[in-house]
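Chain nomenclature is as follows: A, B and C, assigned in order of appearance, with residue numbering initiated at 1 for each chain independently.
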Amino acid sequence: MSEAIVTVAGDAPVLPRSESVFRRLMRTPSAAIAVVVVLILVIMTFGAPLVSPYSPNVSDFDQLFAPPSWNHLFGTDELGRDLFTRLLYGGRTSLIVAVAATVIAMVVGVAWGFVAAFREGWVGELLMRIADMLMAVPVIFLGLVLVAAFGASLWSLIVILGLLFAPATARLARSTLLVELRSEYYVSAVSVGASGTRIVARELFPNALPVLIARASLILAEAIFVEASLSFVGLGIQPPDTSWGTLLQQGYSNLYRSYSYPLFPGFVILVAVLALNALGDNLQKVLDPSRS
Amino acid sequence: MSRYVAKRLVSSIALLFLSTIIIFLLMRVIPGDPTITKLGGSIKEVDEATLTQIRSDLGLDKSIPEQYVTWISGIVRGDFGNSYFSQFSVTTLIGQRVGATLLLALMAMIIGLAIAVPASVAGAIWPNRYLNAVLSAFAAIGIAIPTFVIGIALIITIGVELDVLPTQGYVSFQRDPLNSVKSTLLPAFTLGIGVAAVTMRILRASLVEIGSASFVRTARGKGLLRSQVVVRHELPNASIPAITQAGIIVAHLVGGAVIVEYVFARPGLGTLLVDSVFQRDYAVLQTLVLATAAAFIVTSLVVDVLLGFVDPRLRVEAVS
Amino acid sequence: MTETSTPSPTSTPAVGDVALDVRGLEIEIDVRRGDPLRPVRGISFSVRRGHRVGIVGESGSGKSLTALSLIRLLPARVRVAAGEVQLRGRELTTLSEREMASVRGGGLSLVYQDPMSSLNPLQTIGHQVVEAILTHERVGRREAHARAVELLRDVGIPQPERRADDYPHEFSGGMRQRVVIAMAICANPDVLIADEATTALDVTTQARIMDMLARIVEERRMGMILITHDLGLAAAFCDDIHVMYAGRFVESGSAQAVLGNPVHPYSAALLESICRLDTDPRSPIAAIAGQPPLLQALPSGCPFHPRCVRALDVCVTEEPPVVESMGQVFECHHPIGVDA
């Protein structure tokens, strides 16, 4: 039966093959740099033990607030701990939280959007109205309110962040799906009698995937930013866990003793956010040139 | 025109009303008993009588609709209840802090527009590739850069090293306008960069679209210079789509204000929000959420009225 | 202003003086890859005061670009590659942008189609006409407003004092076009260019506006260039006609000559395809077979040969020579009236 779909719908749009997308992406200098930066971040944070000889929690009381040097690339903190190392290990938390939140946002958002696309009546409209209302609220504000409601543990934070970005993903998923639903090959496939779920799984979803992946990169960037903001005001990751946001907070409280202490976490967050944003923007352009 | 305004006013009030219901219900859905929160989390040392007393103080022994009515009637009178933690009423708390936030928002808007509008206009007058690439990059970076990074960088450079402007606290405007503005300058600039970036992106896009309109060619055909055409004809038309997106800018302001107030230790509504989240002070939280919803609704109303002034086509439709 | 392009009352040039002289105009479009496209490949014509010239061609013939190039409002990537454009002896192609701005509206004016969006929707039409006036003359606002009202009356807007305070969306298409014309003539340009100015309007309005234009051009002794795809319209309105195809004038001559005695097969075919009142309704419309050529793939030799019923072998290989005969100029190997 699946063969029948393919032969009847001979015009099924070809999914851009992954190598050609990647190659096209790497041609733009900003995209190439972004990819490299992201890779470096991931490798260094998860390979922290290999990168840094220090342990993140060991204090060296001779070296409080030391400025950056060859021994301590980013200097030390108020307890003499190496800041660079702490940023590496803290980065793991930040990245894991952001990735997990993005996954949740994608799953919830896509389900939400797909349901809204298929049920085009008042159900679909209502779902989208709710999404619009949620999207109008500033993310940090909504995040704080949700933290007030559900507390700020690692898991609640991941869920909260995921839910914050779900509405926008839902919107995207729905509009992408609607485009697919109107396309010739879907209509002809349906007329042959193919079942809805099969079509969704085999044809529509793979076609919607690239756009969603591009958006995932942007969500990742924002998730890192929001987690950092929440942790910065003390309502995100809680001690003893560290993240880039908590390190920023600690640096901020010690601003007058050491400039590098807040600047380096800020710099790392900045780089991560910019790189992921650039990556997401470029992916969007590569996958859908009409939208650049 | 006044009919148009009246219609929008009525729907805004209705929307506001609707939001109070939604907010009220949401707040009741939150897990956790506010009584316990008020007591600081442990009920072991407290006896039943005190609990009941507190419950009735907070009005929690009544049914939900009754609680809602109590709340709403209080609001209409300007009484938002009492903070769970401090001895002040919510109204007092907010009243103490609203000035700082409003001044910050106002100055940030002014700074943001003062940067964004000339930059966008310049980009439209001189379609030079390099200029526009720089402007686009600025807008993109300005949007992506986290507010706390800008804030901290400014504190370090201008505040501490150069020691030109104060980096924290707030002087009341009524008492000392000059110092008030001075103490708000750095935070407003921090927030203003984000506002500028968002506005630039919107305005530049709409200027590009307007640039290909027929009346632009007519204006140039009359003998007007490029700069005159952009300023007199393109900009007013391009502001219309930009104004309709004012909600995005306000959202950016609200979100950014929280962080900026925190970084610059300003006693404003943003820091109040953070504090009340820490303390699980639901009375304050509820009111702040309502205030934010009201701010958005008012913004939407102002936008529509403004559009009615700027675009004569809307007025005709509204009247007919 | 060093050179005036607006005539002063004491030295009004006489009807018949050459107002605009175009020689060898060539326009190029810059494409990213490959050679530039050439939508206009060398045209020459002149316009005298009080004289009406028509440029007739299908869409894609390059006529609109010609109009834009005269006032130098070509879009990005499109530029004048060669040729001279002289307005009362003053070369326009080398002027600075500032100087050219004062020529626009003051020496040369362009009115084009799409009246629906040719006016700024946010300003009253009175304001826009006043702006046009103030751009070229130093007068007070009140004086300018009074002139604007008179101008609106002149172009046929009823109750101009009241309507000057109205917005564009309160006017019909025909009325808007009249406003545009008012703006175009307010500084008494030497030449008015109308590029498909009435195409978007219904036939009755079209006729009325053409009448108004004829009167205005006569009264103010302006030269006029009418650019249209409608050969019938051009024949009725213009003194001279240039038929344009693939970027060149394939035939030029007086309106009577081109209408009564077309020499180039394309002109003849255009005439055939016009439906007249006395055309037999049952006979098929004699449309010209084929499509106008793509700029990227101009046919060799004479660009019209793929669609020409009189094509000879030489038409495919060689570009036709420019021939001048009895007041008509044409480019054809096998003109009508000559049997090779």
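In this section, a residue touches a chain if its C-beta (ideal position, glycine included) is under 8 Å from a C-beta of that chain, and two chains touch if they have at least 3 such contacts.
For clarity, every value in this text was computed on a predicted model and none was experimentally measured.
Undergrad: Which chain pair shows the largest tally of C-beta contacts?
TA: More C-beta pairs are in contact between A-B than between any other chains.
Undergrad: Relative to the centroid of every protein C-alpha atom displayed, which chain's own C-alpha centroid is closest?
TA: Central chain: B.
Undergrad: Between subunit A and subunit C, what's the gap in Å when you average each chain's C-alpha atoms?
TA: Subunit A and subunit C have C-alpha centres separated by 57 Å.
Undergrad: For subunit B and subunit C, let me know how many angstrom lie between their CA-based centres, rounded off.
TA: 53
Undergrad: In angstrom, rounded to a whole number, how far apart do the mean CA points of subunit A and subunit B lie?
TA: Here subunit A and subunit B have centroids separated by 25 Å.
Undergrad: Taking the touch rule as given, give the residues of subunit B at its contact with subunit C in the complex, in rising order.
TA: Spelled out, the residues of subunit B in touch with subunit C are 127, 213-215, 217-226, 232-233, 236-237, 310-313, 316.
Undergrad: Within their complex, state which residues of subunit A touch subunit B.
TA: 136-141, 144-145, 147-150, 221, 225, 228-229, 232-235, 248, 252, 255-256, 259, 262-263, 266-267, 269-270, 273-274, 277, 281
Undergrad: Which positions of subunit C touch subunit B when the two form their complex?
TA: 71, 73, 76, 97-98, 101-106, 109-110, 112, 114, 117-123, 131-132, 135-136, 167, 169-170, 180, 183-184, 187
Undergrad: Which part of subunit B faces subunit A closely enough to touch in the complex?
TA: Touch list, subunit B to subunit A: 30-32, 140-141, 144-149, 152-153, 155-156, 160, 247, 251-252, 254-256, 258-259, 262-263, 273-274, 276-278, 280, 282, 285, 289, 292, 296.
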